[in-house]
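Okay, got some structures for you below.
Each of the next two complexes has chain A plus one other chain: chain B in the first, chain C in the second.
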Partner chain A sequence: MLISFPNMGPNWVAFKTLFTALDLDVVVPDPTNREAIKIGVKYSPEFVCFPFKATLGDFVNAIEKGADTLVMAIDCGPCRFGFYASVQERILRDMGYKNIRIIPLDQADLLEFHWVKTLQEVSGRKDLFIYSKYIKAVIYFLKKAKLLNDIQTAEGLFRAYERNLGDTTRVVNELLEKLDKANTLVELRNFKKVIKNDFNSIDIEKSRTPLRVGLSGEIHISLEPYVNLDLRRKLGEMGVEVHQSLSLYDWVVHKFHLNYHRKWLEHLAKPYVPMDIGGECVWVLGEYIDKAKAGFDGFIHSYPFTCMPEVTARTIITNKLKKMYDLPIIYFSFDEQSGQEGFRTRLEAFYDLMEARREREIKSTPEFMANGQKKIYPQYGGEFYNEIAQLIQAE
Partner chain B sequence: MVEVSDKLKTEEGKKDAFLGIDIGSVSCKFVLMDRNGEVLTSVFLRNRGSPIDSAKAGMAELRDKIQAEPDLLNYAIKCCGTTGSARYLTKAVVGGDLAKTEIIAHAVATQSMYPDVRTILEIGGQDSKIIILRDDIIVDFAMNSVCAAGTGSFLDHQAARLGIPIEDFGDYAVRSENPVSIAGRCTVFAESDMIHKQNAGYSKEDIIAGLCDSLVRNYMNNVGKGKELDEPVVFQGGVSYNKGIIQAFERHLGCKVIVPKYNVLMGALGMAILVRDYYVEHGSETVFRGLEVSDIEFKTTTFYCGDCPNNCEIVQVRMPEQDNKIIARWGSRCGKWDQLT
Partner chain C sequence: MELSTTGDKKRYKVGIPRALHYYRYYPFWKKLLEELDVEIVLSPPTNKKIVEEGVTHGFGELCIPVKIYYGQVLKLVENNPDLDFLFVPRYVSEVPESYFCPKFLSLPDVIKILPEVPKILNFEVNVKEFPISTSAIELGKQLGKGQTASVDAYKKAQKYFDEYHNFLRDGGSVNHALRLVHRNLPFKLPKKQTKGDLRFLLLGHAYNIFDSFINLDFIKKLHEQGVEVLTIENLPEYLFKKPVIVNPRGGILRNYWRHEEEIMQAIRFFLTKGKNEIDGVIFLISFACGPDSLISELIMRDMKVVGLPFLEITMDEHSGEAGMMTRIESFVEMVRRKRKKLGLEPRWKSKIKFYEGT
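Moving on to the complex of A and B:
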């Protein structure tokens, strides 16, 4: 039996460890590419949201590499995502892959422990002895997911300061390989230092004062670089600090009811959307308010074309929040298009817009650069963010 | 990435001039501007297949215009900037000093003429934009991302269908007294609606006026989405020649819509202004290849990278006269071919 799962940016490292810790064989699909998208688009319903198509393409790719058991997250709604797994299984059957199973991973509420059933089904064992392995698998998964989150945080900061274009990207790719190979608790415990050391080896120009941008949106689109046209890298290479708290770890911890950052965001968004309506709607609103209050230069909201919850968030922001908080925002609605020219034009124009605003701010408050600008918000971000920020801050 | 030419031009005793080039989807514009922001001469051409050919054709025409006017011979081009969707390719070909998005270029040009402008509507051949300014800076903008309804090409096509030259399109619309209603959501619906009304015997004038209305509605819904459009409103781009559309905008917005003198040249003019400021600020020497660009041969080749499953199509531009030197290359998703070495 060969297990596989869809791509979501660098998170294959975490998914892989969840199954290898159970002594199962895993096939990692190729990074999402044009071929996978082509197949996904061809066999999906035309109107479905883009992550469905992309993950279907990944599944076909994994099956061609030998996988026969696929794991896909499901949810009890509230948007179309709830039906991804069952519809994809039918489509794969219709395509002629008769012996393929999609095992759903119920993530509606992880404290309900439905995911244990998934692990039982995947490992094919239910006896008590396997439970120690489940615990190991979950611990490894959570640890690696956390470390991936840390890499993402550091990457977003460092790329804006690098002297040689591409250093950060190289370090991140090396770190992913290293993290994939770290398979003991000791290594994982010390991995934070590895991350810090590797990033510290990048030649950075500490005196820069890059623009700060918050990034949020639908989770698959925001994390998968092929689909979002490598938005994070492009922003970084334009010299923009990218702050994105959205990650797999962020999501999983939220589903364990332990994510206090998200609770705070929900609190901020409550006057506008009082409950989870699917996608990241509530948290996008929360992030927008949070980033506006923290004094960011801009905000980017990316989502799949036709995504209902994200369009709701977009409308609330344009009609209400933007007028209250005045934080520049740009929306990217992604679909299968691969033409990058319009995307680049809008991104560059957005950069110019933020820069002009900042220049005006500097003019109106001369001490802006001295006090406001260089300060990395002490109240802002988690523990690891502050450690990374220390590395960058000029003496 | 763009390789810079090492050809430097230093002509003594000449006045400074700055060149802005805007190569869009349908047409290309060249503006030569002096230090004070006065337009010296301009060129407007339909695109010739590729941005390289368009740039060369434009340069040739610009050279002819300069040589025909003795006054212009006293000017030397100090800096050159490019904008429009082909800005990077054009920059590589002509040796531009600066490439900026058309959004910024349009805003800068409009501000130079109407410093208090708060809303800019721009409708060109293939795309349409809206730019919102407050207190002299851009605070919001939008471009049509998925829909080509409400652009010049659509009007051009419909004019051909009705058998009238596009130049007269606006006059027809102005003459109408009862515009028919035409679906504005999508060009496909608009077109079938139009054929239906045409066959039902409505007059051309009323159909055209209805079409102008539906185009404006589409623009407002797709591009203007929820933005506050305050006065003064400036309308530019190729479609602003169309009186019918101007009237439809005025009806829709309930205020006066200003069309600037150089309505189609605004992008190029803005780029000339930006590049002048860039020159004044940096005082750098230009990498502009000169008007002789029209005689230089450029060759584009494409190949597939093949290093990963994406198999990106890489485009490169070579100059055969200079040992086949690669002056520009792009197209890879991961960015590794962008370096020229």
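Moving on to the complex of A and C:
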């Protein structure tokens, strides 16, 4: 039995450890690419949301690399996501991959391990059923997911200051490789230091005053750089600080009901949408309000074309929140037709708009004028964020 | 209106947009609200201006039914500046295992922020959290009614709604029945019944099937071609008792969308025991509809296996009369040819009714 799973940016590192810690054999699909998208689009329903097509493409790639058991997260409504695994499995079988199984990983009950029972059945291996093994698997998964989240935080800040374009990206890729190989608790415990050291080695120009942008949206699109046209990197290389609390870790912790940041966002969004309607709708609204209050310069909302919850979020921001908070926002809805051309132009126009707005803000605020014509941003972000910010500020 | 105003108390005027769940729940709402002593104002049937209005207000990635809802709300408010409330229910879940499409979950949230809409009359149906009688009590509170009155109203509404459904199962068409409800007339089948030599099952959300403006009078077009039409509402209750399991061979999934569940339950019957009861299936879907994008794929794959003629039509605000006509004609033509080639007589009896065990 050879296990695989779909891509979601750097999160293969965490998914992989979940299975290797159970002593299962894993093959990681190639990073999502043109070929995978082409196949995904060809065999998917025409009007389904883009992540369906992209992950179907990943699956085909993984199967060609030898995988026979695919693991896919599911939920049970209200959005389309719950249907992914079942419909994809049916499509794969109709495509001729008769012996493939997709094992649904119900994210509502990560601790109940039904999927491990299924894996045990499929693989015929009784030894999977040892309690201590899952504990290890979960701990490794959570630790790596948390570290990936930290890498994302640092990356979002550092890229805006790097002197040599591409340094941050290189460091991130090296860190992913290192994290993949770190398979003892001691290494994992020390990994935060590794992250800080590696980032600290980047040659940065500390005197820059980048714009601050908040990023949120549908999770797959927001985390998978191939499908979002490498939005985070583009922004960073334009000299923008990217703040994104959305990550795999952020989501999983939420599913364990321990994500206080998300609870806070829900609280902020409550007057506008009082419940989880699927996708990231409520939290996007919360993020928008939160970032507006934290003096950000702009906000980016990205989601798959026709994504139901995100379209609702967009409607509410456009018709209400934008008027109340006046934080500039740009929407990107991605599908297989999204091209680089219009994308770049729109991003640049948005940059100019934010910059002009900040100029005006500085000129009309005596406090900012007195600060050498520099905007003062309120204190923001979690513990690790502040450690990273100190690396940049320190003289 | 059977109820008159009691003494000096003013009756609240409540607007209901003729869109989305109107086509599914209007008889229930009407009875419920009238029992709570409310005057109902209904927006007019969809027309070109309403669609245009809706399209300018909702942006491109919304499905057309929601855009029409916008248009209907705006029309209603424009025509009736004196409304006390706008009735925009929040349908989350009607049976415990299911949800509605996310757009129904947030419907009041996107409507209440439109310019100049009156106060929204809240009615949240969410049996995952509380029974519908509780929703009725909450509704009554906003209208100044006590608990007993509200529960009473709910019971009466439910009873009326059951009668309505029985009428549809006896072969009444939804649009005919809604007209009767609107005019407070008893449920009676029209004298003139459409007869044809083919019978199709017409699948889709009620607001796509019965809004004859947006679907370009689809049902009438089929009638003119000599096709009798069945919709989900006409089918007997027992077909909808057992849940549909998607992909039973693999990662088993219980379908969790309420409408789509009914669509798939109906099709399950016609794929198996009911195979000889119909000659073809047409699925009307709206562009940018989330749930249908997946369901239609599953149905299409099943249809291929069974070999039942199947046509899927995606509509949006740009759908043209001519194109639609050609597609219907050639589909009907194809089905007729196929039947002739196989030398088949009409297989079904004219009476639209299936009993348990057929």
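Keep in mind that, in the parts below, the second predicted complex is superposed on the first by the 358 of 395 C-alpha atoms of A that agree within 3 Å, B and C clash if a C-alpha of one lies under 4 Å from a C-alpha of the other, contacts with A are read in each partner's own complex, and residues count from 1 in each chain.
The criterion applied here is as follows: a contact is a pair of C-beta atoms (placed from the backbone, for glycine too) under 8 Å apart; a residue touches a chain by one contact, two chains touch by 3 or more.
The structure displayed is predicted, hence computed values, not measured ones.
Residues of chain A touched: more by chain B or chain C?
If we count touched residues of chain A for both partners, the winner is C.
Give one of first, second, both or neither to describe whether A:Tyr325 is in contact with chain B, with chain C, with both, or with none.
Touch status of A:Tyr325: no partner.
Is A:Cys79 contacted by the first partner chain B, the second partner chain C, both or neither?
The answer is second: A:Cys79 touches chain C but not chain B.
A:Tyr131 in the overlay: touching chain B, chain C, both, or neither? Say first, second, both or neither.
Touch status of A:Tyr131: no partner.
After lining up the shared chain so the two structures overlap, which partner does A:Tyr97 touch, if you call chain B first and chain C second: first, second, both or neither?
neither
Pick one for A:Ser333: touches chain B only (first), chain C only (second), both, or neither.
A:Ser333 contacts both chain B and chain C.
Based on the superposed arrangement, let me know which partner A:Arg360 touches: chain B (first), chain C (second), both, or neither?
first
Once chain A of both complexes is superposed, is A:Ile316 in touch with chain B (first), chain C (second), both, or neither?
A:Ile316 contacts chain C only, not chain B.
What is the contact status of A:Asp352 with respect to chain B (first) and chain C (second): first, second, both, or neither?
Only chain B is touched by A:Asp352; chain C is not.
Which partner does A:Val48 reach: the first (chain B), the second (chain C), both, or neither?
second
Quick check on my understanding: which residues of chain A belong to both its chain B contact set and its chain C contact set?
Residues 305, 315, 318-319, 333 of chain A touch both chain B and chain C.
Quick one: in the complex, what on chain A touches chain B?
Interface residues on the chain A side: 30-31, 33-36, 166, 226, 229-230, 233, 237, 305, 315, 318-319, 328, 333, 341-342, 345-346, 348-349, 352-353, 356-357, 360.
For chain C, which residues count as touching chain A in their complex?
That would be residues 58-59, 61-63, 92, 98-103, 105-106, 109-110, 113-114, 246-247, 249-254, 256-257, 287-294, 296-298, 301, 314 of chain C.
Over in the complex, which chain A residues touch chain C? Could you list them?
45-49, 72, 74, 76-80, 82-83, 85-87, 89-91, 93-94, 101-104, 272-275, 277-279, 281, 305-309, 311-312, 314-316, 318-320, 333
Under the stated contact criterion, what part of chain B meets chain A in this complex?
85, 100-104, 127, 135, 137-141, 143, 145-146, 225-227, 308-311, 333-335
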